[in-house]
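Below you'll find the structures, each written out as structure tokens.
Shared between the two complexes below is chain A, which has chain B as its partner in the first and chain C in the second.
This part shows the complex of A and B:
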């Protein structure tokens, strides 16, 4: 219990208080075991990679290779999926009103901002999950010809992948979509977020990722099988309180990293805390042997693998469509722990 | 070389910090000028000094002595770099008697050397104004701005000081020195702590799914709800605002909340409050430094809890999460007040997340903190006891509402306070103030049976009883006697009462029905066996006195 509380107090990046439910567990993830496995705390069962599921893979492709800022969202009250078009219209009117007030965004060219809300049923984990909702703000400059493509100014996606912990006993009036991904200018985010908060009585909060969670992510993603590894495993550490802040980037060849992980992981499809610790210790001691720097005393701020990359400020990039669901599942868990 | 550079830096900072609050005494300027004349400082420092002098010129209280230094200033004209600023100073200083022919000649020489500079022009024009016969050259009469504005870094700071002294908003040290951005914290778009109540907009476009029984009536817009009679008249067609967080500052809506049994409004409020508390907590989140707003938010929550006479679950969870990390000083009164509204429940969380951290802070803090904690725990006890008295709807109680459950939880609290008090008294050397608060707590405990209908009798521990009994303060003694008297009254009343009570596993709770006659004596013996010898003496003597008094009365009546 104390471990999690202490970690949050010391760590500047950990902006969330420990959730009561996991104060006795000390794991960032691991709620999945309730459904996918039956092991006690300390383990995480990974979902199998997505095969060619039903639904258009093109639609989910828009999530890949973009830098998404993470937010947690409390359940939406009286969100009616059949009224997406109405909501788009209302949101458009709200944005126009805010721009009149001078509160938005881009100076210069007169832009017509169009709002589109759509459902993304492909992004779902269990049966209980709500299908994802995509919000897109696009513009067409009045100067450009009529049949030119709209330029997408900003996108946001509400989603929930294996969020059963939250949606379990939720009354009907509430829609659980605890994870929100945002891509685009912050000013659009604040306008759109404001509208959702006022209309559905929900709260958005930035979701930070603690270094503890980042180590789990790098361990999990290193172990994922990819056809050809396009990029290696990279860890970025920061040493903040020096006169000139120091950033250390530690890059590992993908095959070496995978080989290391394979020797450590005992049960395929399962990860324990000890395995993650051993993995990180190996990496740290290797670095120390060469550079005489104890990376364990620095702060891990970013991890990148072929699957995805994640930054402690709550910014992720997903690179591999097969493992999209797995990454979103982890992020959903983080978001839920910030809400409960 | 290195030493000169660092001295320069120091001097620069010093000069930049010379902000007058009211006036500058004249002799300080004289001293400064004399230092200036030693030529020990670098050119840039001299320049900075002159700029400072120009800026604060009007603050110098008297200028006779400064004026006497006119010649010294004039001699600095030869330095090209300083020339414009010296001219400005001279321009401010010049009086008629300073205009001398040799000075005019000097200026004309400089002009011939450097060309017509605006600052020289200014000074010559001023001389001409005073003594037109001495300055014969023609000068442009149109006065433009002769001197560059050289207020420098002092102007902003001086304004700040002036505003501050007039009682405006306080400014940080950074603005005072004019070296950094002001520390106003921009309110984030997603965490507004105070929300206006506005009607839900869902009714705009036909919400058939959520239409009410009274859908023929239009809903009363919540923004127009101003008075209590309005609430009563429109209570059947009132809808909660779109954001539940806005009810906290609206007593009419709080009234309405009491009447409505809709699960969703509580859930909405729970999420909003929980997220706000977590996000804005000043000791859990690193970059939250604005305590004032968070304090008033906590105060708002507390007032709403007092109004509704029950605690919010979101607040309770927030306390469980944040008390272990609490430093005991941020928002102290607000947090301790909120502790008193923790709902009664049999879950073990309160022990580890409230009692534990509070005990740690208690043992290591000041006397006043100890007193505050005890006061807060007393209110907590009273709130719990009130729950038992008022018949609450069992659905809204997480506690298993058997009597033994309630008794266990209350007993735990009382024992906890007993432990705190015993150690606290030793740490504070039996402080009277601390004793007052402790005995105040036991004043509530002693009357639990009669006032709150709870068959529980827990005496103060020896570590509290004896310091109180032996204290030199009449106040303490008075309190103690009153408490013991109430214990006895409660015992006697419970004995006479015919209602049956369950026996609890702990030896501190009793089934009074069984205590009759001989057993009553055994019970008294048991009490005495707890080590309270003083109690024995007290009770026996009071019984003797009472029996003697009644005997005397009987005699008087007979007589």
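This part shows the complex of A and C:
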């Protein structure tokens, strides 16, 4: 569980920044400040990352609309970006060996598993961020014809979007890629994770998302402008400890949710803890008015908007390419909190 | 025997838990006891079903008999399906004598005249329930036996319970056939759905324990055990609040077991209101929300909210009226006029 330690108030000054999603041509005039929600004065939203214009949007599209399980990763020791091909080969051999030992994966089907590692420079925030590293396991069944397409079995992505807090004072030999996204069977994750941990002396840990962080996410994402709101703002609450468990899904029409948020948010491009609290209180009290149930006493387990959805078990889905790096930035910060 | 029938019987037997196969085949009463003795019911299901199919082959089973086995399975495992409730109405007051043969004849005739290829199976049960299974085809295609609709009709009541297959386009025809066969004039779908068929029956037949306003229950004695504490004042207050909640719960939910529903859904189209000091949204249009409650046993779950401190007692009438109004889908709009804070459910 990402523990959000409340640090002492650093300053009361709020900074104004261009709002999330606007491309900025020069350096952003402001930086991510403090941990998520830690600075009582405010939380600053960053502009789209510098490298958004470069690179192939197709390649980042593979991150969209998939359910990613989140991990935090401690810095990798002596990870050399020039050796990605070698690493792919070594990882492939490791996987094959594990399968021989009977430790990995799919039973029955004869599979050749191919490993590919690549850099994704499109996914980084500041100049100091390491470009993301994509790991893909694909297979071709020995039974299928030679020229058939490989099927992607599992994907993983190391990334760092505005992770300056971590990378700032990092010695040369270490590579900071604190956020890891995994999609695919758990057994593959286990094998791949083991290899990276052994090879680069790092530690993977599941990254949970606290209800507190979820409220920030839903408030932030509700405020994002989208061309046409296809899906509503949904909050899912769970009340597990009753004799019969109860789940409550509370979905609000996207226009109405945004209208509410717009009257609460005082300064564009900036969100304060107080504003998030007011937003949640409004939703809770509207609900209470109808049902006499105190949602604040239940557990918020999932939030969902047109931008992205996030589950407290540390599973996210990113839905909107324009805000992809914004979401990754939040998640990077959560990952860093867990590491430090 | 037709190979499609053989395959259908094989798959139906495979669905049944191994320990219950013999019992269901006996209920089916298509294979003789002597034939059943020849089957080894302790081997793997694949083999059991193969042996059963072979025996059915000996008896030249057709689809009609196979359909009966399917009804038997679905009657026992009725809670695997999702049931909707329909209510029929007739304009006249006369209570006509219900003629089962006439009902069946009219029902079959209506469906067959529209859709040449349908498989219709009836089975009556002791509680006056008539189970109907319909497998749907088209004038050019044989019925799809794997996606049938099931209807449960208690002839003494105007209620029909339908578990439609995925093929929703056949629903209007099914409804029409029902009213024609039962001599009603109209049928409408109620906003009530659940996996538990018996609970739905409890709700619409009002078989759950009624809550009578004239009955004043005594405060519950010895239900909640309070830990002993030195400060007597604290215990006393807590106890009376807990008793108040229990009493209110009992008034609203009654004493007996609650009907089993899995969800309740509310489409809210009311105004957003905040306390005046919050300088927030004050639109003239509704704040549109969709709220869905889910639980393996929703009403028990809601009943336990106030005692758990998660809700006020008495609980909102929007939740407590579910059983009495016999619905679990609601659309809530703002009530206009004198009482802007109250809600209306159509």
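Observations on the structure shown:
Following the convention adopted for this analysis, the second predicted complex is superposed on the first by the 294 of 340 C-alpha atoms of A that agree within 3 Å, B and C clash if a C-alpha of one lies under 4 Å from a C-alpha of the other, contacts with A are read in each partner's own complex, and residues count from 1 in each chain.
Here is the rule we use: a contact is a pair of C-beta atoms (placed from the backbone, for glycine too) under 8 Å apart; a residue touches a chain by one contact, two chains touch by 3 or more.
All values derive from a computational prediction rather than experimental measurement.
Of the two partner chains placed around the shared chain by superposition, chain B is the only one that A:197 touches, whereas chain C remains out of contact. In the superposed model, A:260 lies in contact with chain C only, and not with chain B.
By the document's definition of touching, neither partner reaches A:66: not chain B, not chain C.
By the touch criterion stated above, A:293 is placed in contact with chain C alone, chain B being left untouched.
Using the contact criterion defined above for the overlaid structures, shared-chain residue A:243 touches chain C, although it does not reach chain B. With both structures placed on the common chain, the touch criterion links A:251 to chain C but leaves chain B unconnected.
Looking at the complex, you find that chain C touches chain A at residues 266, 268, 270, 272-275, 278-283, 285-298, 300-302, 304-305, 308-312, 314-316, 318-319, 332, 341, 343. If you check the complex, the residues on chain A that touch chain B are 1, 5, 8-9, 12, 15-18, 20, 74-75, 77-78, 80, 83, 86, 90, 171, 173-174, 190, 193-194, 197-199, 201-205, 338-339.
Of all the residues in chain A, the ones that touch chain C in their complex are 232, 239, 241-253, 256, 259-260, 263-264, 278, 281-282, 285-287, 289-294, 297-298. On the chain B side of its complex with chain A, the touching residues are 189-191, 198, 200-202, 204-205, 207, 209-210, 242-244, 263-264, 267-268, 271-272, 274-276, 278-279, 281, 284-286, 317-318, 320-322, 324-325, 349, 352.
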